[in-house]
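One structure, as structure tokens, below. Some questions next.
Chain IDs A, B and C follow the sequence of writing; residue 1 opens each chain.
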Amino acid sequence: MERVGIAAGVEFSRLVYGMWRLGDDADTSPAYIRAKLEACLDQGITTMDHADIYGGYGVEELFGAALKGTSLRQRIEIVTKCGIVVPAGRHAAAPCKYYNTGAAHIRASAEQSLRLLGTDYIDLLLIHRPDPFMDHHETGAVLDALVAEGKVRAVGVSNFRPWDLSLLQSAMKNRLATNQIELSLMAHQPFVNGDLAACQQAGMPVMAWSPLGGGRLMAGAEGALPAILDRFADAHDVDRAAVAVAWLLAHPARILPVLGTNNLDRIRTLSEALKVKLSRTDWFQLYEAATGQPVP
Amino acid sequence: MERVGIAAGVEFSRLVYGMWRLGDDADTSPAYIRAKLEACLDQGITTMDHADIYGGYGVEELFGAALKGTSLRQRIEIVTKCGIVVPAGRHAAAPCKYYNTGAAHIRASAEQSLRLLGTDYIDLLLIHRPDPFMDHHETGAVLDALVAEGKVRAVGVSNFRPWDLSLLQSAMKNRLATNQIELSLMAHQPFVNGDLAACQQAGMPVMAWSPLGGGRLMAGAEGALPAILDRFADAHDVDRAAVAVAWLLAHPARILPVLGTNNLDRIRTLSEALKVKLSRTDWFQLYEAATGQPVP
Amino acid sequence: MERVGIAAGVEFSRLVYGMWRLGDDADTSPAYIRAKLEACLDQGITTMDHADIYGGYGVEELFGAALKGTSLRQRIEIVTKCGIVVPAGRHAAAPCKYYNTGAAHIRASAEQSLRLLGTDYIDLLLIHRPDPFMDHHETGAVLDALVAEGKVRAVGVSNFRPWDLSLLQSAMKNRLATNQIELSLMAHQPFVNGDLAACQQAGMPVMAWSPLGGGRLMAGAEGALPAILDRFADAHDVDRAAVAVAWLLAHPARILPVLGTNNLDRIRTLSEALKVKLSRTDWFQLYEAATGQPVP
């Protein structure tokens, strides 16, 4: 599978496996998680997307248990995120949902991720949400420090608007490696509202969360989109999801879709999206169906 | 008529004649088009605004036929545009309306414009619309190449938002010479939403399309605007259109209105707008009528 | 009271007293205005926020009369603004409300402020509103000239969006010292829409007008906000207003609230806000109540 350079010495697989719902599966045993992981690796999907908060601060620990006693860590890249505090798990006492991009919290969160994952480095650490209370000097300095200490290999952000990105970058030595944003045929505004342009201008690959619109592209999407997805799916002998992912892969911004499914059979076919090469006119036919109107 | 520097060695007349509807006229004979052109030149309007797509990819050829065998080419500047593909004319087989800012398409489009216009250079080539599928490196490189080869003297964009402009500029050697946007008393958001500010900061003159609101300022505009336009028109002994154009000319951003009319009598009076010098308070009285409320 | 550096040699008190409604008071005698001023100075509030337009171009003169024959000028910093013209006072003949950021008007306005205030320098002169008709070269040059002549010690803007700020700054030698914007629990969009980020990235303290939402936070605010303000007020033994101001003070962007009240008793307690130290979770509880929903 194609590899994408994220930062000096850090390469990701073009498709990323997302752990968002890992804890929701009926089977969260180490053996079953390893089976999922092996199904990814069989296709060349080596990059695993976590966040401290997934599963109520529980998924990193489940994943760490699966890695334990194996040599799997050397074969994968781990992304994790920090900065959201919800009243659950180890933050049960929080008085409300809030963001914490303070130095102490980020450092503690990254170090806790290292412990729970049972690893001595994270490949990429992301600030999970733009924080309206952010002290960019403080946040930038702690991210730089974590890189300098070797605890994380690269740092980036998620859900940042261009001004958030620019502000944090202005206070850092390391370059922010990516912005992980919601991006799909259901969430296509970033293609025109400057969000993607800011990443492209920074030379920054983009990670796409919910590339299938949270499943709505598979069932529930209205209008012309389902029919045209099916038409392309038939033509390429894949499923609708593969076409929706291929639509992101075709774009020049180097988009890395983050794919999360607990279905082992579906995991085994994730890389089918790479077989589908969409042309520019294919891309615009899907975009027109997604926006509900021809381009202006 | 005032001349405006657009790029090294390229100067435009302050008023630009637009070819958008040239093909809609009852008479599209070379002789009649030459009569229109002479009516422009008599007033010092030397800059002619085209696009590959005007008239279903037909207007450039009509205009080229009018220039043929004359020395008119040396007396005018030609602007044309590329990047929109509609299922018509030579693109009748297109599966949907889409944008193509790929290198091969832009080069082919520019070269076709040269052939149809019967000229060996275009003064200014514009990307017609921001393309959500744009590879800025590829688009920037082909625009630079066309300048280097002498096929176009300058390049620019149309309908770009500030982030689109910044992205494409970041991948180019030549400076983008202009952004041609919709701008009028009916489309006044660019005066406050950053679109005009981005051009002013780049030191870039702005071309204004539909400076009369697609004719709505002449008939159909509601509220206080028609009455105040008439009041200024009476005071300056011109028509309403001349006041609306003068409103753009008064602004410090160096706005070049693109005026399109097929009426030969109206063409002969286009430059009357230049006689109307609006003061700052005149400008704000018209702006207040256009927005429907006093400034905050 | 904490002091904040605004420009070379210019420091403001963290809380600023606003003169917006000074002319509306029943008593506008020099003696009573001096009593208000002394009540501010007793708490360390030394910075006085004016605008040419306050009180229909009348407040600066009232304030100047109060300073006359005293040594109060040396103990305070004066902010004033220019650029809005309304048909009142010395501009009674204006044909409509408009903005004037032309060199002659700004110079005349600043010099008139000096005369009315009876001082030979203004500490900070602000352009009051972004002007859709601004010639940034002209406006920037006159602001630089006023600094060079010593008539103003620093210059800045008010109500500017990021692109307005960037445009004017691009044409100036002096750095714009601040952007005075509406900012409060009732006007919290600047925390996420890039307005505050632009100031933070420029290293520019922010002045906040209507920090109490024009009084609506004291009476009339709906939803969860009044109750949570009261809870924090009780816990800190202050009034609701002090909590709302402390919410701004807690933010890392160095926000200087501009507090305007004609009630002498309330003036005497303005600095109580400084006693309230809100934590990050306090801040987010108030923010959640203000926005009506948890952060995403």
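Remarks
Here, a residue touches a chain if its C-beta (ideal position, glycine included) is under 8 Å from a C-beta of that chain, and two chains touch if they have at least 3 such contacts.
Model, not experiment: these values are computed from the prediction.
Shown here, the protein chains touch in all possible pairs.
Chain copies chain A and chain B are related through a rotation whose angle, from the C-alpha fit, is 120° to the nearest 5. Counting the residue numbers that touch the partner chain, chain A and chain C have less than half of them in common. In terms of their C-alpha centroids, the spacing between chain A and chain C amounts to 42 Å.
In chain C, the residues that touch at least two other chains are 162.
Against chain B, the residues of chain C that register as touching in their complex are 94-100, 102, 129-130, 132-136, 138, 159, 161-164, 166-167, 170.
Remark: chain B residues 162, 188, 191-192, 194, 197-198, 200-201, 251-252, 280-281, 283-285, 287-288, 294-296 touch chain C in the complex.
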